[in-house]
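Both complexes below contain subunit A, partnered by subunit B and then by subunit C.
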Partner chain A sequence: MFPELNSILNSTPDSLKSSDFILVSDRQADASFLIHHYLSFYLRAGCKVCFLGLVQSFSHYSAVGQRLGVSLTQAREKGQLVFLEGLKDSIGALLQEESSQGTQPLSYLRSPAAGLKGLFRFVESSVRQNGGRDDGESWGPPVLLIDDLSVLLSLGVTVGAILDFTLYCQATVCSELQGNMVILVRCEEEDADDDEEGSNLLQRGLVHQCNLALHVEGLPTGYCRDIHGQMEVWWRQSGETMYNQRKIFHFKVYDKGASFFARGTSSAVL
Partner chain B sequence: MAAPVRCMAGSTSIGNTTSFQKKTRSKLVSIPGTRPSVQNGQLLLSSGVSSLDYVIGGGLAVGTLILVEEDRYDSYSRMLLKYFLAEGVVCGHELFLASARDHPDEIMQELPSPIVDDVASLKIGEGQPQPSDPENPDTMKIAWRYQNQPRVQTALASSMRFGHYYDVSKTMEPELRQAAKCHSFYQLQETPVTTGSSLLPSPYQALLKSIQTVIRKEGFDGSTPQSKVRNVLRLGLHSLGSALWGDDVCCKDNPAHCHALTTFLYALRGLLRTSLSVAMVTVPSHLIQNRAVMGRIIRLSDTAIALESFRGSEKETNPLYKDYHGLLHVRQLPHLNCLSCEIPDTKDLAFKLKRKQFTIERLHLPPDLSETVSRVSKTEVAAGCGTTATGNKHLDF
Partner chain C sequence: MLLDVLQAAEAGGFTLIQDTVKCSGRGILKCFINAALKRGEDVHVLGFEASETEVCAGLDNSCVQKLYFHKGFPDPLGWMCRSSFTVDQLTSQHITKLIKDAQHAKASVLVIDSLSFVLRHHDPVVICQRLQELRKGGDIKMIISLLHSDLHLQGVVGIVSHLASTVISVAPANYEHHTVAMTTRRTKSGKVMQEEEYFSVSEDATLSVQAKSRQSGHVQKEQDVAEADPTTNLTFNLRLSEEERKAKEKVALPFVFSQEKKSALLRPTPGSGRIVYEPDASDDFDEEDPDDDLDV
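Showing the complex of A and B:
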């Protein structure tokens, strides 16, 4: 959890907004540090988290989580965290001849044209499960975290199927169960011209659906060792504000966190 | 788990202020040719080129995939693959080599020969420990204190050093090469497997299955019991994506199987994460027209570098580049088990293949030595610094 990011977004683990759809995207940079932030944030807030880890293994997240102060193995044992090991189970799903019940969530690997129904059923069942905590209370509102959605494009799933999936998830998690969703999408350069089935189309479709968009890019002036990139925060117009808000920050990622500062105020410059 | 709790309780009862526990019990450190990373404790192995190890953050982490974008004539990327495999032979790792154009045995025969200080220890005939022979006048005189110690014998030439140097003008001796266990996959000799509902075209499917079989059979994923000594598997996959692999991503703008290579890389990375292996994949990226596919391929691998050789291009005669053979672009560095990765100083790197070393250096622009360059006068600087300095010479103390 990055305290500076919490103050930028006006949210703390104790007072989090519900029914939030947060889109984290990047273009030629790596925004996965924000996913680690949200994972530790929601685990600290006591929410029930369903994490679809499609590109890294569980031990990677758990190693980073330990540096950020949360224990993912404990959360998984207590039932607070449901983790789908997409990467490790993919080889089994691809190579085996008969389809068994165990690989239902990863059915898109064998037949990508069929869509993401299996994955949605997995998400729905884990989000609706109401296993209580040890002290008798139930967990907070459910949270769905996906890292990352654009890898499904590399596996042959169409943009339309992915957008359908996110719409179903939003209807279930955000509207019906008053929970939150955080999705990471990685994009290409803007000027890739044959882009009908591309990640840019996916990102535009998701920006249209979301409440809050965090877009991470490299610096427009080039590579810099001390400033790792810029992050653009975009809020959809809500009750109090009249218009959509947009702010840009520079950031630097450390071993145990990240610091965000206004443009031009990096410690390397001042 | 009881063990860590016990350790923690032990340290606090002694009253230590630090809970630092030195990792000594880790079994993985004892694999020859590997070392733990100083950054995040990952187990690293050398790619065979020590300057490349430095550029990618110390070495290749076990369980990851490095993507090498080939240069136009596939000369330097093939060289890197050979360095990678030669390093595996010298360290005693197991090898898996897959190629579609040249037979894997031909690639193995071209491996460069290692430059070693103690050539004698690499001969395979000395498998048994030899008794020390003080009467023989030819043996070297060693200090008397150590004369009766047993000699350290590395029976199968597995070296404990991290990173070796190779002589490109000589090929590796056949005995050394054959001591290493090498599995090969030659695409043109495989019988096509007809699987009904499969996403991947047949060559990739067969290759994936073959890799999975080797990993399972040799126990790299921990499935066989601990009686064997742990070892690392190095996979070298040559020119994936080219037409000989049955893939048309290099031939057409809108390929019919545009997801074949990306799905293969995804599944390969899943296999690598669950086993003690490292894969180096070379892809002829200069043939792939679709930039989006290339971007996806890069994101699906952990480390990605691209080689751009000057041969045949107009840069060959550019005086800026006259000392080098090509440029090296680091496209991606992985964040493994940590938030931030090793941030390189500079992204302008050039490489040079010399007989005994493949060097990668920062590309320096030559200094501007024309007369119109203004130089700060040294005397003004000296007078400004010293408060009581009366002289104007910059050599005043």
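Showing the complex of A and C:
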């Protein structure tokens, strides 16, 4: 959890905003540090977290989580964290003998054209589980974290199917259960024929649906040792007003956190 | 013109609101719904992308009974088997039946939120045919729909825009808190009118047009300072006198092929080199001049 990011986004584990759909995207940079931030943030806030880790193993997140002060193994044992380990389970999904129900979470690996209905069912069931804590209270509002969604494009799932999946997740997690959603999407370089199916189209479709978009890129002027990149925060109010607000911050990622500052105020400069 | 379109009551119209990620068109869509409700018309909303609470927030409470929200939103594809309206049911027979079921024989307005979702799941040509059937059907007075123009191929956006009698594109303006709408209206006689205006949407879904924008495409900040003449106050002279200007115009540019140069080149000069070429056996020597057809 990064305290400076909390103050920028105006939310703390004690005073969460609910029904938020947060989109984290990057272009030729690595925005996964934001996923680690949100994972530790929501675990600290006592929410029930459903994490679809499609690109890294559980031990990876667990190791980073320990540096940020949360224990993922404990959370999983207590039932606060439901973790879908995409890499480990994919072998099983591909080698399954019987063509079993298309409602398995990783059924898109065998038939990508069929869509992500199975994955959605997994998300829905884990988010609706009412398992309580040890002290009798129930967990806070559910949170869905996905890292990362653009890898499904390279597995043959269409952009339309992914957008349908996120629409359903938003309907269930954000609108119905008043929970939050954080999705990471990695974009490629802008091409001239940008209308084609690709990660840029997926990112635009998700920006239309989201409440808050965090976009991480390298500095436009090139590599810098003291500033690792820039992050654009785009507050999008859904529906009523069209007045969005966008701000750009610079950041530097450390071993145990990240610091964010306004442009031009890096400690190396001042 | 935007306010005229909002209040216009022409039958068989199809209004398309195009938006992008930079600026959402849902605010204007809500204004259209509100205006139709205030006119006493039945409004049928096919909601696929936003929930009923979101669409109905801010609408006039007294007229909300005339609003029929067909719940596509939580389950528009039927995955959870608890939707009242799926995207496959967007056919003219089904819609006409839905409208007749609402028991009011008066004019109905059909609102589709959003057409982008429908186009993702069905062929654009089929959707255009169905929309045209609905327009000519007589039960629906007007169709209004939202389209996210940056999520589709340009051709698809073009197809749907051609079908529409009015297209409103929203975009952010140069300075904050203002949005620009470019309205293109096609009348029955075939005349096309276009106008660009600044507008804003209030909390209770009323549209107010601020000012007409200047020439479309030129949204410049006002230049308070007149452009200074850069050739004044210099220690060297950058201006030309009359003779100098005439001499400059007389200069023959090096790569311009004017008449004098051509005749100079074509005139054979004495003592110039001649090229003697002896083709050997394997050479394919063509006597014709390959540049013969050039008109130089």
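What we mean here is this: the second predicted complex is superposed on the first by the 254 of 270 C-alpha atoms of A that agree within 3 Å, B and C clash if a C-alpha of one lies under 4 Å from a C-alpha of the other, contacts with A are read in each partner's own complex, and residues count from 1 in each chain.
Here, contacts are C-beta pairs under 8 Å (C-beta built on N, C-alpha and C of every residue); 3 or more make two chains touch, one makes a residue touch a chain.
None of the values given here were measured: they were computed from a predicted structure.
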Touching partner for A:F33 - first (subunit B), second (subunit C), both, neither: first
Touched partner set for A:R110, first subunit B, second subunit C, both or neither: first
Partner chain(s) touched by A:S59 [first = subunit B, second = subunit C, both, neither]: first
First (subunit B), second (subunit C), both or neither touched by A:Y223: first
Touched partner set for A:C47, first subunit B, second subunit C, both or neither: neither
Partner chain(s) touched by A:V127 [first = subunit B, second = subunit C, both, neither]: neither
Touching partner for A:S154 - first (subunit B), second (subunit C), both, neither: first
Touching partner for A:V207 - first (subunit B), second (subunit C), both, neither: second
Footprint overlap on subunit A, where subunit B in one structure and subunit C in the other make contact: 195
In the complex with subunit A, residue positions of subunit C that touch it: 21-24, 26-27, 30, 49-51, 54-55, 57-58, 73-77, 79-80, 117, 120-121, 148, 150-154, 170, 172, 176-177, 179, 201, 203
Touching residues on subunit A, where the partner in the complex is subunit C: 117, 120, 124, 160, 163-164, 167-168, 171-172, 175-176, 195, 201, 204-205, 207-209, 236, 238-244
Touching residues (chain side subunit B, partner subunit A) in the complex: 40, 195, 197, 199-200, 205, 208-209, 212, 253-254, 259, 262-263, 266-267, 269-271, 273-274, 290-292, 295-296, 299-300, 335-340, 343, 345, 347
Residue ranges of subunit A touching subunit B (in the complex, touch as defined): 30, 32-33, 36, 57, 59-60, 63-64, 67, 87-91, 94-95, 97, 109-112, 151, 153-156, 186, 188-189, 192, 194-195, 198-199, 223, 225, 228, 253-258
